[in-house]
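Structures for review follow.
Heads up, the next two complexes both have chain A, just with different partners, chain B and then chain C.
So, the complex of A and B:
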């Protein structure tokens, strides 16, 4: 081992010294190629030796493994001591040996000294998923009985879960899985594997194979390879195979024109050897009929479940469950949030975000002298709702310059005149001439009016074409004419 | 004498640098600033995950607000130690692949080495998500600043946005996604699952100078020389910034630094008095009112002042109201009329012929033959245009087309038609042509008369 360790290092140092000496002596004669190598040499002077030695390390175990495996431990020890080159790191990442990590904080988050509002704010964060989801008991039971049955019977199957975003689909399914895993730990249920992929976390549908295989083994391989390996795993019978539960989130992204990925994912459960249970989640209820081919829809089956948007009562229950006896919120404040959100979308995330914003507003009021608010009242919630739901278009029109306002008025006037939504710049400019003369403002030249037009177009108060079309560009009003009147009239008085 | 020249050059340089390179001084926007600041502070100190959109018209100071907030926060050590800042720009990171590589480099993840990222796009995404998933409250907060946020919405499937917002809404590493855009309706661009994950915090930045008096005050402030005490305070702030030498800030390297300048007290007072006097004068007020009517953004005023300051010379050491008016006149004038005045008489004749055709046939499209016939009618009876050949007129017509005073009807069907028969439309208003005819130097009387009447 000493020989093997010594020789390469000595040779490196030797070559190193030789190169440096040669180039320091006769700098003028050196060929361009050599001078380049010298440049890199000088630039990375300190790094040079360890880099070379670490580059040599991977060759060494390979060479030694031909002679004998007994020397393997020393080789791995050497590898650990030397810093890895990026390509070696990549190899390790692909093999799943290097655990991904983030930089750590210098000081930890201070967990003490938290006011009631701060605690409430933490509890209201969307990321804090409660142990049991309120108002989803029926759906929970439904999925639970389906999965438990499949695992007990040791057969495969499919399920399709749909609902608009923010109705608790993924949270419920993962909650069921967690319950089942607890049962497995208590030996009340046969063991099963749980795999999870998300369509939106993939760069293309075929990467699904890679992700599934990675969760099975930890290795990253190409999708073709992963596909054949998974095919082999699921189609050949093996004794003592445990059931695999696969959760596929955002199913619609996995659909491409050929639909081979979706087909494979739903075809494997039909194989008797696979013992695969697939739970698919998507937003639209009629996705299988609308987007998928007949054979895929047929394999997806009719075991379906729809998550309805939350009603205001349910939203109120969710928020109060999170607050759990805390006095931070007034009862009617929660009710206002629940009613407003349920009327728009029934999205739990939205309700929680608005509540969180309301605590922030209450906090900032508290910090000011005079206003001491220990809890969130209706006023705070109203302000939060105004911030997060209201549109700012009227505000934007009010804050336009005078000529921009005239431009908007001109577009509205042109729409009224022609009766068509779409106007051209030329028509609008004639209206500007009229309005400017009427109001006694200096008329802007067409070039400057085009500038105004593109400025308003950037804000999307109007929709305009590229200004290369000059006088002939088409202009659409993106705000309603009533908004313009409201913004300009109310301000005027 | 020599001293005053030195002082003037120093003043000019100072004002110019302050206009151009002062990236982190924000005027106004108290509520918005504290809102963003508190959000970032909570992300850094408590490990909260958040998302926010900063919306406002172009030139309203969105980037300056972020720079100012980050400068403020960089002063306290706990923020610097506990956060990574990742800057992304929709104009530079045109797809998720490039954006992801940039994120990997800026977060200094394991698969990046010296700005080079290893592995494919899919691997990079998977590795980034794994890293963020592995993180918890103990790991550093990451602040993502997405400038030109609306362009990120055009990426395929909005994968990057979905994943960033998803991390901010799940129990992973604490991150803050800060989108900056000028589009008011940007939320409508998001897919509904991305929209659901976004926290709907929007901060609107509308120009702070809503009243004309504030605009004049801003003009005064931008023109005047601050006292040495204020200069020192600003310089201290810049110094603390440069002490940190954080890689997250690229603007600090070339930041405006007031400490280099120390003005003579007398000169300073004189100058400021002069500026106050100037801005009170009626002519200056009128000019400023004109600018204010057109565009109330600070960026627009700054370009105007820059041109004004650039006129400072030892011969004319003060800014006068006349200079202001002259410069404003340049802003007001019509470039196309200038262009028309630079045409030859033949080309102007063609334009007049086109105008006549357009006014008779109510802006119907025309081709060379139509216009040439109309021009020939005039040329026959005119004494100055008789010998003009057809080829010369065609050349003039083509020249008009190249400078885009006339535009082809369709850009696609070009190859089919001969160039004499291709239909065009006029890209000028009649008012512009009339102006040009009035302003044209040494226009033959015949042409001027022809322009008045369309009888021929």
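So, the complex of A and C:
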């Protein structure tokens, strides 16, 4: 036909294209006009791929080459071609044609010679998420039934998941997604797209649009452009659109004053054409009522799920499941960790970290000759707990210089004398005079005392102002007065 | 190191210890410098000139790059950093190279790190008026104090200021710094420094006499002007001035000015040059009047008494305000220095008789020393100002816009100033204050024939 040989004309008709697509004529460049005017339209219409003609049109070789690189495996072509200038590289990165990669290691890590403790340490690492999360079966079922229902029904919806850090929210949700994707691969469920954004990884809430669009097409555009394109995608009906599941982690970071981003993310699922399922994750349970506007809360809906902090039994189960079959840990050691962590926060990460530290301590002890026990005992765990939980303030006060200790005592004495928490340097200095005379220590000059004050302030044992206010600077005690007495009294003995 | 000391010691008398300490610290570029030195002392103790001369000597004798700058000039961090880089690069790079750029601290440190392989063995950065560094970005001072560690160059930062280092500690702590104090000169040292310009003085006097072409006076001058004679003069001079001022540049300036008057009777032949007591009688008056003019830097012949009184009167004379403007200013002064409670008694004609009560008498006696003219002006509203203005003015003028615009003109001339409510002048909540003194107003009152004291509560 004429189209295949010459330059594509602007006067091409839609009916023409449809006809060509129906007849599956591979020789024809279909929709040259659309691909020129709106490059991104092809992306919005995901199931449609522009086809290439095998014969090159001599009049426009450059256009062909740019569209060609998008389709061909880029890595092989890059090696052949000349090195890119930085601006070319940047262009390709923006278009998503170069994938970011890291430098490779020169040597392989030897996997074979590993002790039991090393293996246990690897198993206990926070980043090794097990396939099935223990103690979260109920939550798993809840999310699974919600998402499966939405995908089956091909409608949109929202869910809000909350819970304190380290209770397995993200791990459970991604676990559900993985299960669903496996079902899709077995053709037991209609296909769906999975997108994931994290509020903490964005510099600004509006960058959420850019991230979502990038995960859809691989291209990086400005947020305004991304917003209009996403708006178009989710509001206009397309016949063969699949369901999109969007996971929004750290929802509270996306809340700005206008709340336009959160509103849009929660408004798109209400559109019938969108087929968008949004799962939002945040830490606080009452976030929708506390922070979000009425219209946003109303769109968020009432499908909520709260992850309770782990109890000590659950933590014990989690750690034992990680260690599965290994003899590295004593039973009571795991129980001690679980009980200590559950009493404070119920954070699984914390428990795993403490266990790992305990294996390290056990390792270092083991390296001495004689101690052949390849096992983490209560003592190691206790040492790890002391390192990671115990407060360092008493130690810091104990290791202060003599004058610094006098200074801290003087602040505490001044607080007792006046009854007010906030003291001025002048009052503290008079107390230093008294204490120094009492102890028979040479009195430091006020300039020296200011130096002490700034040092203690930098260590955050006290809270002080800039020393330009010298005598009138306000001083707050940042440790409790009991800590000071305890630290200094014990040392005195 | 010894050569630097030898070059500087004649230039800076009475600073031998400081020069020795400084050259021990940063005298030799082949040794490691301390990271930072803080030099402090009063104004006029030679911090800037000593450091400048020291750095110049270092640059001449050793392979050292130096930079000197004033923190007042650097109102942003970028200017500070680029000034330092430019100054250091002057010796390092050939002319024509493009100026170095540093937008932030990180780039600055990286630029400096590029000079590792260069021929310079040391870098010295001196920053004057270092107290300004506290007001710049929070990272400037901490980075400068450990610039040696960050750049791993043999580098030292010298900070010059009038404050002790205790005024610099911020909330996050600073690294250690070597403090060096430049004490003020005592009387003997000041005498030694001032007498060092004897040769110049003698040369100047002789030249002056030669120009006038008076033979006998020239001979007399040559005979009388000896080192002893000059130090006698300086002794007399310092006995008057040293109590008030120890700033050497200021003393030197005034000593030169007064020496001409001191020489006058000697040149006239009326007094022998050895007769110190008679010379003292001649010079005592001019020296005392010069003492009142210290720090003012007015180029005027000496010997006019009551300079301060004169200046107030002169200022009041030279300020040509319109008639109503003068009354407005007087009204503003009265409003500032009388309490609103007294207004009725002072300005309303039929205010009724005031009963003298024991309580008020006691209260007055207690606050006798708290006169409102010495406590400073209080604020008043524009309505009160206009009310007092109409009360003290005999004729009744219309409240025209000319009258109101004079109020704003007085504000522009800084005779009145706004205390609060500058944004809402029209709704009457703005508060003004009168900034002129009592003498000034009394003088203006005399010009328009109005007795100000009569209307001040303090003088009743």
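For the reader, a short list of remarks on this structure follows.
Here, the second predicted complex is superposed on the first by the 411 of 493 C-alpha atoms of A that agree within 3 Å, B and C clash if a C-alpha of one lies under 4 Å from a C-alpha of the other, contacts with A are read in each partner's own complex, and residues count from 1 in each chain.
Simple rule for what comes next: a contact is a pair of C-beta atoms (placed from the backbone, for glycine too) under 8 Å apart; a residue touches a chain by one contact, two chains touch by 3 or more.
In this text, all values refer to a predicted model and were calculated from it rather than measured experimentally.
Contacts of A:470 after superposition on the shared chain: both chain B and chain C are touched. By the touch criterion defined above, A:458 lies against chain B and chain C together after alignment on the C-alpha atoms of chain A. The larger set of touched chain A residues comes from B, when the choice is between chain B and chain C. In the superposition on chain A, A:102 makes contact with chain B only, not with chain C. In the superposed model, A:317 lies in contact with neither chain B nor chain C. Of the two partner chains placed by the overlay, only chain B lies in contact with A:164; chain C stays clear of it.
Look at A:450: by the touch rule set out above, it reaches chain C but stays clear of chain B. Residue contacts after overlaying the shared chain place A:193 against neither chain B nor chain C. In the superposed model, A:231 makes contact with neither chain B nor chain C. Within chain A, the residues touching chain B in one complex and chain C in the other are 446-447, 455, 458-459, 470.
Every residue of chain B that touches chain A in the complex is listed here, in rising order: 34, 38, 45-49, 55, 57-58, 78, 81-82, 84, 96, 107-113, 116, 118-119, 121-123, 125-127, 129-132, 134-135, 137-140, 142, 157, 159, 162-163, 166, 169-173, 182-185, 192-193, 195-197, 199-202, 204, 206-207, 210, 290, 292-296, 332-337, 404, 407, 425, 427-429, 432. Residues of chain A that touch chain C in their complex: 446-447, 450-451, 453-455, 457-459, 464-468, 470.
Interface residues of chain A facing chain B in the complex, by the touch rule stated above, are 85-87, 89-90, 93-94, 98-110, 118, 121-122, 125-129, 164-166, 200-204, 207, 210-211, 214, 220, 250, 253, 283, 345, 347, 349-350, 353-354, 356-357, 360, 364, 387-389, 391-393, 395-396, 399-404, 426, 429, 441-442, 444-448, 452, 455, 458-461, 469-472, 478.
Contact residues on chain C toward chain A in their complex (touch as defined above): 134, 164-174.
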